[in-house]
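Following this message is one structure expressed as structure tokens.
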Amino acid sequence: MNRRDLLNAPVKPMELKSKMTVNQLIQQFDNAGSFGAGRLATACDVFENMVRDEKCTIFLALAGAVVPAGLRYIIADLIRKRLIDALVSTGANMIHDLIEAFGGHHYKGQWFIDDFFLYKYHINRIYDIFVPEEDFVKADKILIEMFDEIAKEKQGEVLSTNELMRLIGSRLENPKSIVRAAYETSVPIFLPAMRDSEFAYIHIVHKERSKNDKTLSVDSFKEASEMVALARKSERLGMVVIGGGVPRNAVQHATLMADKGLDYAVIITTDRPEYGGLSGSTPEETISWGKLKKKAGKVMVIGDAMIIFPLTVAAVLERLGKDFQRKGNP
Amino acid sequence: MNRRDLLNAPVKPMELKSKMTVNQLIQQFDNAGSFGAGRLATACDVFENMVRDEKCTIFLALAGAVVPAGLRYIIADLIRKRLIDALVSTGANMIHDLIEAFGGHHYKGQWFIDDFFLYKYHINRIYDIFVPEEDFVKADKILIEMFDEIAKEKQGEVLSTNELMRLIGSRLENPKSIVRAAYETSVPIFLPAMRDSEFAYIHIVHKERSKNDKTLSVDSFKEASEMVALARKSERLGMVVIGGGVPRNAVQHATLMADKGLDYAVIITTDRPEYGGLSGSTPEETISWGKLKKKAGKVMVIGDAMIIFPLTVAAVLERLGKDFQRKGNP
Amino acid sequence: MNRRDLLNAPVKPMELKSKMTVNQLIQQFDNAGSFGAGRLATACDVFENMVRDEKCTIFLALAGAVVPAGLRYIIADLIRKRLIDALVSTGANMIHDLIEAFGGHHYKGQWFIDDFFLYKYHINRIYDIFVPEEDFVKADKILIEMFDEIAKEKQGEVLSTNELMRLIGSRLENPKSIVRAAYETSVPIFLPAMRDSEFAYIHIVHKERSKNDKTLSVDSFKEASEMVALARKSERLGMVVIGGGVPRNAVQHATLMADKGLDYAVIITTDRPEYGGLSGSTPEETISWGKLKKKAGKVMVIGDAMIIFPLTVAAVLERLGKDFQRKGNP
Amino acid sequence: MNRRDLLNAPVKPMELKSKMTVNQLIQQFDNAGSFGAGRLATACDVFENMVRDEKCTIFLALAGAVVPAGLRYIIADLIRKRLIDALVSTGANMIHDLIEAFGGHHYKGQWFIDDFFLYKYHINRIYDIFVPEEDFVKADKILIEMFDEIAKEKQGEVLSTNELMRLIGSRLENPKSIVRAAYETSVPIFLPAMRDSEFAYIHIVHKERSKNDKTLSVDSFKEASEMVALARKSERLGMVVIGGGVPRNAVQHATLMADKGLDYAVIITTDRPEYGGLSGSTPEETISWGKLKKKAGKVMVIGDAMIIFPLTVAAVLERLGKDFQRKGNP
């Protein structure tokens, strides 16, 4: 590498104008190409490439309270357009999707409030979102009944989390629900830590009122095999991460167990590498494990997913055009 | 509250001297009482109070790669002294404990290195730690055999993660192992996302070579019931969190499902509240859900757990005295 | 406050479509209203209100390497449109504006590179930006001559940083330069830590070759008086902060010394309150000092200014319309 | 580099015991050698080497509200022991030293409080510290008088910030004051952004009541020359950074202007590289500029300085022994 090669791409200062589209703004970010703006522009490119690759199976790994905070329709829409082929989520995000599917709501609140006061009012707080207890209770009630019904149907058959989510999805009506959209499009939903959510409470109540042989049984490892099988039959693999944690790790590990490795990775996180946790680990680190290919399109954008993810999706939707519909994989 | 009440505790500047003990330093932090120093001093007090409360069941929630990074003996020691009564961990931390229990190692490495070079050398990187592939392979081999053996013994009985960890613990010899220490002291180990780790690979290989009726079966929800039962029969509940994520949420949710709420909480994290994720949520937010009591001793220390946790434990061990042995709960 | 009041504004999930304008996206952020998306939507509102307030003097406080990274034209444009009335900056950001004004460039580079290799090549790195030594040298040369010339003109008169910046601005030709735009529009540029930048080197060389009585003299405190005077004669005061540090503090302190307090504040930072530094302090904390009015429109957006600031400006430009030109204050 | 070389230093898990000294704990951090623990252990080594190097001039760069928070005596003590040879600080930290030197106090407060309530009570908040207005007023009053007196003495002579701080130091009695300790030991105090602090208010009042020819005049650039001269006559250069910002940059730039470059650097910060600001830039980046030597002992510890700095100092004091007194440089 000689000196000239290092100095061949000048930073072009951004120029703004009134009524720019989102993608026009992203193109200015690309012109500047520095710090977060550069990374975000790259994220749009990598996501676009992933989506335009007809042989790529795309996983969305979802952690953090982004569904209650307002990403629900975006994710359902990505599923319906098949811009993602599989969803790997925390249990909680699906619970919050279901709360809204059953008519409940999340409310704009404030973080600077006396939490004991909220507690007495039966209002649960997620930073600046309020979730009234009754909306949880309503969802619990419906889901316990679904669990009873599914258990009866399945007669002791051991399910994977994905199979259970499909059975729930088939019972929903709300077309804007993520779980419903996934059911209708046959996009799998894997919940590698399903039990770490309101689903655990639902299962406990269901179990306590079931005869033992009629208890719904979810196997811890079954979905791992399903994810590996999915990865094995995919030609190429892509991953979009919101937040990290168990969902990100589960996707990465599946690609390794399938003896493949990701071809594309967009990671949106607020975590950092230096504490050593998986959520903050760089795409580069992932290469050492064989979970990401050396030549993969890859980028990690550090920032609030509630801002970064919609920006990325809006820019890519603009590039794809209004009527873009992906076929889906594998 | 009048003005005088707001101004009654002057910050006393810290004074250092040669050969201070850790707890003497923490007392200087308490004198200053500000920013991180104040929070860390409070964390020592809350942990001390938790431990001195003979009726308190203490959960350690463990996320992040802290076992490979060197907290293994500290945690095993806390278990043996019964300064914790239950461990709720990511699967990966237990895998890394087992890697060392079987004679493998983690190595001091560097983060600033070509990861494809490491990949070709079969070295996996965790920030500045290197884990050679062969140590994973060795652990895999032994654990696959254990899975075969346990499956044969259990004849289709569906296990919880805790039951499986006990069965593994009973087969270990290394006394410094966390899993072994937990077995010997009957401290449960709950792995709410067990499948999101090398255990998934181990299970897949085991399953592929087992007759179907001899496959080890781990139920997703069984450990949740066990945790709730444990919380129900405890008089008081305490939690120490390293990192957050699924382990923290699982503990908090268990206390809620048990209709209790924590009496003590020390949370060590590098995450922040404003992105809305659970790992960064404040102890105060936890009150709104009923997972933490209003009057609980509570503190969140923002910092690297590899520094903050040993500091806290060393100071509290000093306060407790050399021969302190707790009875354990519940 | 009764329960109903807490639950009156449901989070409306965002909806994206192809070819959205930036402000349409921000309106979706406002619909969701949570976490970073909510704060960013508020920032657009506060900045819009500030700009539409004809009696408000708006300070832009500028820290971090955002000029080399590509915000140069945006800031010059804000000055020309008089969406800001005064600039308070680090010295370095003005140096980098001048480097480009004199024909130099910043280059897109990479952060993952051997820095000693760059050093040997005379390339200075700012994260993923490369700045070739020769562009510094060229700017130094021109500025040293300007210093000589100005010193000669001023005959020992002691200048403020603002006076010096005006004298430099008057000598520039590049209309896209921030310093030139400020000169042409009579927008003052205050550099409260001017000496902490290449200006110090320039001054040293200038001084070493000047006769002592012909050395350019810049007074540390003179600009403070000018800022206080400006604040005193303003009816209302607004502040937009990129990054924090000395520029933010200087603005806040000026409003206090003027016995006023800000009416509007938008703070974009990646710092946090809990370490106690000024850059991460909340707008609320600022109220206790009397630097921000209780009823001020205020928000702190945590994120990369290279993303957040252009988003905010683009949305507000869209709201204001293509031909909006502000009169400017005071 | 062959594979064996990458795997030659196993992580040794930490072992804690009751009544460890601080340095014994740091040695356990060194055994583990990973993540923050490894970096902190390295920081102790680099600071020890710097101090034991008899030809090294050591700068302490000080930003953030660490003096009000309780580091005042530690810094004064480092000065008296000559473990630092020059202090480069924000103006505010010196103001808070002087507030206590004049009998004022900072108080332990809470961050979760109504700031308008504090405002009405004339209490200024710095995160969880309260500073009563009257202690500011008292310091202002004394310092205004000192300014009057110094101006009269100096008869229009233009001072550097360091010269002014010495003149203030000579007028103090409190031996625990940083400014006094620096005066007594001839350790210079450079304040590259002096005017960005209460000193500006003090100067304004002083100026308004002075005849113009009797106004104290502080030159912006004079201290830069002094710092360069100091660096030039030093054989080796070391830097300890708390926080970053202008103080860090000023030290680094001085070593560059002196055509040297640092031989040692310990940086304690909570900022990160990826946003491109100076405070978060890595020591490696500093090498590209020639501000840090390639072979320098260097480390960046990410964490709260209120915890990390006292830990580092206490460990090094233990290594140096009780009666260690450094000669000081240059």
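Order as written gives the chain letters A, B, C and D; numbering starts at 1 within each chain.
Here is the rule we use: a residue touches a chain if its C-beta (ideal position, glycine included) is under 8 Å from a C-beta of that chain, and two chains touch if they have at least 3 such contacts.
All values derive from a computational prediction rather than experimental measurement.
The set of chains in contact with subunit A as well as subunit C comprises B, D. Each chain's centre was taken as the mean of its CA atoms, and the one lying most distant from subunit B is C. If you average the CA atoms of subunit A and of subunit D, the two centres end up 44 Å from each other. Centre to centre, using the average C-alpha position, subunit B and subunit D are separated by 36 Å.
Note: centroid distance subunit C to subunit D, computed from Cα atoms, is 26 Å. Among the residues of subunit D, those in touch with two or more other chains are 34-36, 65, 68-69, 118, 123, 127-129, 272, 274-276, 284, 302, 304, 306.
Those residues of subunit A lying in contact with subunit B across their complex are 63-66, 68-69, 90, 92, 111, 115-116, 118-119, 123-129, 158, 161, 192-197, 199-201, 203-204, 207, 217-221, 223-225, 228, 243, 245-246, 249-250, 253, 257, 270-279, 281, 284-290, 294, 304-306.
Within the complex formed with subunit C, the subunit B residues making contact are 34-36, 39, 112, 272, 274-276, 302. Note for the complex: subunit C touches subunit A at residues 3, 6-23, 25, 28-29, 31-38, 40, 65, 68-74, 77, 100, 105-109, 112, 118, 121, 123, 127-130, 132, 176, 284, 302-304, 306-308, 310-311, 313-314, 317-318, 320-322, 324.
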